[in-house]
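Letters A, B, C and D name the chains as they come in the text, with residue numbers starting at 1 for each one.
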């Protein structure tokens, strides 16, 4: 069987260089191009790339994807900064190239994606849900984007199930003790030297609790998700938003 | 709206008496009979029971269900000891009463059911999976039935996905250190005063781990599952095995 | 060997009735009196009580202890509401009865006492420390008194060791995300159905974290501490404040 | 204040090179020599080293320490392979150089040292104790040396306190389910991709559990312990075995 021909854009970056190694290490994939800043996109065509892994930055991702889609090269995209307007332009290019597929994933960690999905599914069965996220102390925002998104998914699931507000008899509290309120779900942010990126969803009902915890200890955790995206995007024309659609859950 | 008329069989037992209280406490349900050892099943008909919650013992469950199904009373069954032969007899009775439904659930804890489901779904995405179950020290078997079942579901999912054996470089080990081998999945049993029933599924891949933990601290945790079963069984004719089929997880 | 003669004051209360059972179940102790509201203290003398376990309420504890100390009956006290003025009066009575001992313990759970001690000892070795306490949702205050006290002990230990403020690069945060600030130590309060009383101290340094977690699942957890207090107070004249002084931790 | 003059032996190794950076980064220390294989020990004298951090291997550690002690250079030693005979020889050299100090530490992680100490201190207060250690799947031995040592310390503390055997009603068990028996303490070894080195000590009594967990995520976690050793060894003549003696835990 011939190998799938893969290019990496943003190949000099921290995640990009890891992706280069991951593609090289996969038996069914062949790395045919590794582009850094200043390299020409024509290389992708000359190298016969079938899939481009896009790990650059918001300023260059649109040009890169326009070129790829126009040349029938599938895309697996980790670059952020997506707006409705950008997505609409991308969809336009894909309409004109109906056999090409693009996967955009805000998070390539399969563990993080599963955590969000399981939290959403479990949410309506429990009276109480809270989220604790724990990161290294150099992080500038609190809560993390993933934790805020998880809390919103939980809140949505509770609303759809007609769940009442969470029980909480607190009458006397120090400021901040009960966490941030994200759509009715308390979210607590811990910043601790020695940690990288961790998240815990606690669900509680009468006589039982369910805890879903994701620990990310190295950005190599993104590689299985990127490789899975590469293998699946070639048979999934159009735009796919979110790695969960490639996980064949349910 | 008229309330659903519910009977409890085995109403004097530990779980049964809890179920009596739970039915009484539910606004949409009415407790119409609570039978203990020696009480006659005719009471169910006289009381106009629509659903019977069966929490007796293997020696009586078959007679109880035959009576219920024959009289069109739906069943929600927590009693254990099911064999293929017993299930076949029950199916025969249900064939003769095509509008009656029976739910048999080995575990009514929604948290335990979700833990098994999530573990099975996540299993194929991770190189390594182990199960730790922790119980009070009066438990006579190790590992717990739930942990063994969880490990089997994980092993099945890995086989279906073509996953290789788990990585393990151990060459020197004390007897028992690496746990029990259940179908290729290591299972560890902790027995500790102060605990009731707990289970942790650890999944690990490059750079990340996912942990799903269920803590059961009181047998009241079975009540939400029993009530959910009562409400759903009346519109689900035939035999349903496992609470998960009533959880509407897509 | 003759048994130690023990009385329980407040014997009808939730903790008191548990204490009655615990004393009755201990081979080296004999329950000689169990007083409820309205019972006369003279009973203690008539029964020949050597130790009184005081589990009543702030309104009665002073009269009870005055009587006990005057009659040379040692005290083990779980009742709260201690002020400097009250302690001074108690010390006065003890000065006049130099062979009598009284132990006052804000917390009889040995696990909780050890958690505080270990947290205090470990605090100065780590750059970061945060406290998470988790309780049932009927609790009215946040954080718990134990968590606030733990955070203060940690803060004190850090100050004594000349530790700088904790690293925290947060610039954008939702209100409350980073918890309550107790003397420079972030404290997070989770309120979840299915929980009772739990506390986790997280300490982090370069490349490692240390976590000390206490789970209290039943108020029977106070009994070993009460019995230990009873056995030790008879040979410890004067006032002892805090169970930790009886744990012989070197 | 003049800086303490420090040399690193084994400076090219994984831990040694980290130690070089750590010494260079410390304001009160000055790196005066970094020796690799083949470099001459005379350099230490020429450089005016006051403390030598010994991170080589069992084959060279004795010659290195003999030289250091003879020249009045204090030692901080991470190299393993210590026997009674070797320790006796080292003590002989130190007797002849009464102002020189040597610290040998089997583990420089302060978190690991505290975990062992806290586990030992808490052990006698709880009916049940078990140890779970979790490592990457390339580890060849199970349980880890640290876990086995922790279990022995726990067993010793229980024996000294006259504690009975742990409660365990298990009558039916799969082989290995209850872990390895280390001196009466069950030890469970998990091997999971995505982990580095982790240990959890679970202690349980009536109504409560205490958990002490150490997570080591990078070997940089040894550096604070090494630096603390360097600073303290200069005022601690003779042989000190174990970092705990420098932690000033009362």
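Here is the rule we go by: a contact is a pair of C-beta atoms (placed from the backbone, for glycine too) under 8 Å apart; a residue touches a chain by one contact, two chains touch by 3 or more.
Protein names from UniProt, one per chain: A, B, C, D = 4-hydroxy-tetrahydrodipicolinate reductase.
Everything numeric here is computed off the predicted structure, so don't read it as measured data.
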- Enumerate, in label order, the chains that touch chain C and chain D alike. A, B
- Common touching chains of chain D and chain B: A, C
- Message: Find the pair in A-B, B-D or B-C that has over half of its contact pairs, by residue number, in common with C-D.
- Response: A-B
- Message: Among all chains, whose Cα centre is located farthest from the one for chain B?
- Response: D
- List the centre-to-centre spacing of chain A and chain D in whole Å, with centres computed as mean CA coordinates. 40
- Query: How many angstrom lie between the CA centroids of chain A and chain B, rounded to a whole number?
  - Reply: 34
- Message: Rounded to a whole Å, what is the gap between the Cα centroids of chain A and chain C?
- Response: 46
- Note on the structure: Each of the following residues of chain A touches two or more other chains, namely 126, 194-195, 203, 205-209, 215, 217, 221
- Which residues, counting only chain A, touch chain B once they are in their complex? 109-112, 114-115, 118, 121-122, 125-126, 203, 205-224, 247, 249-250
- Would you pull the chain D residues touching chain A in the complex into a rising list? 194-196, 215, 217, 221
- Item | chain B partner contacts - residues on chain D that touch it in the complex | 126-128, 130, 132, 134, 137-143, 148, 166-182, 186-195, 202-209
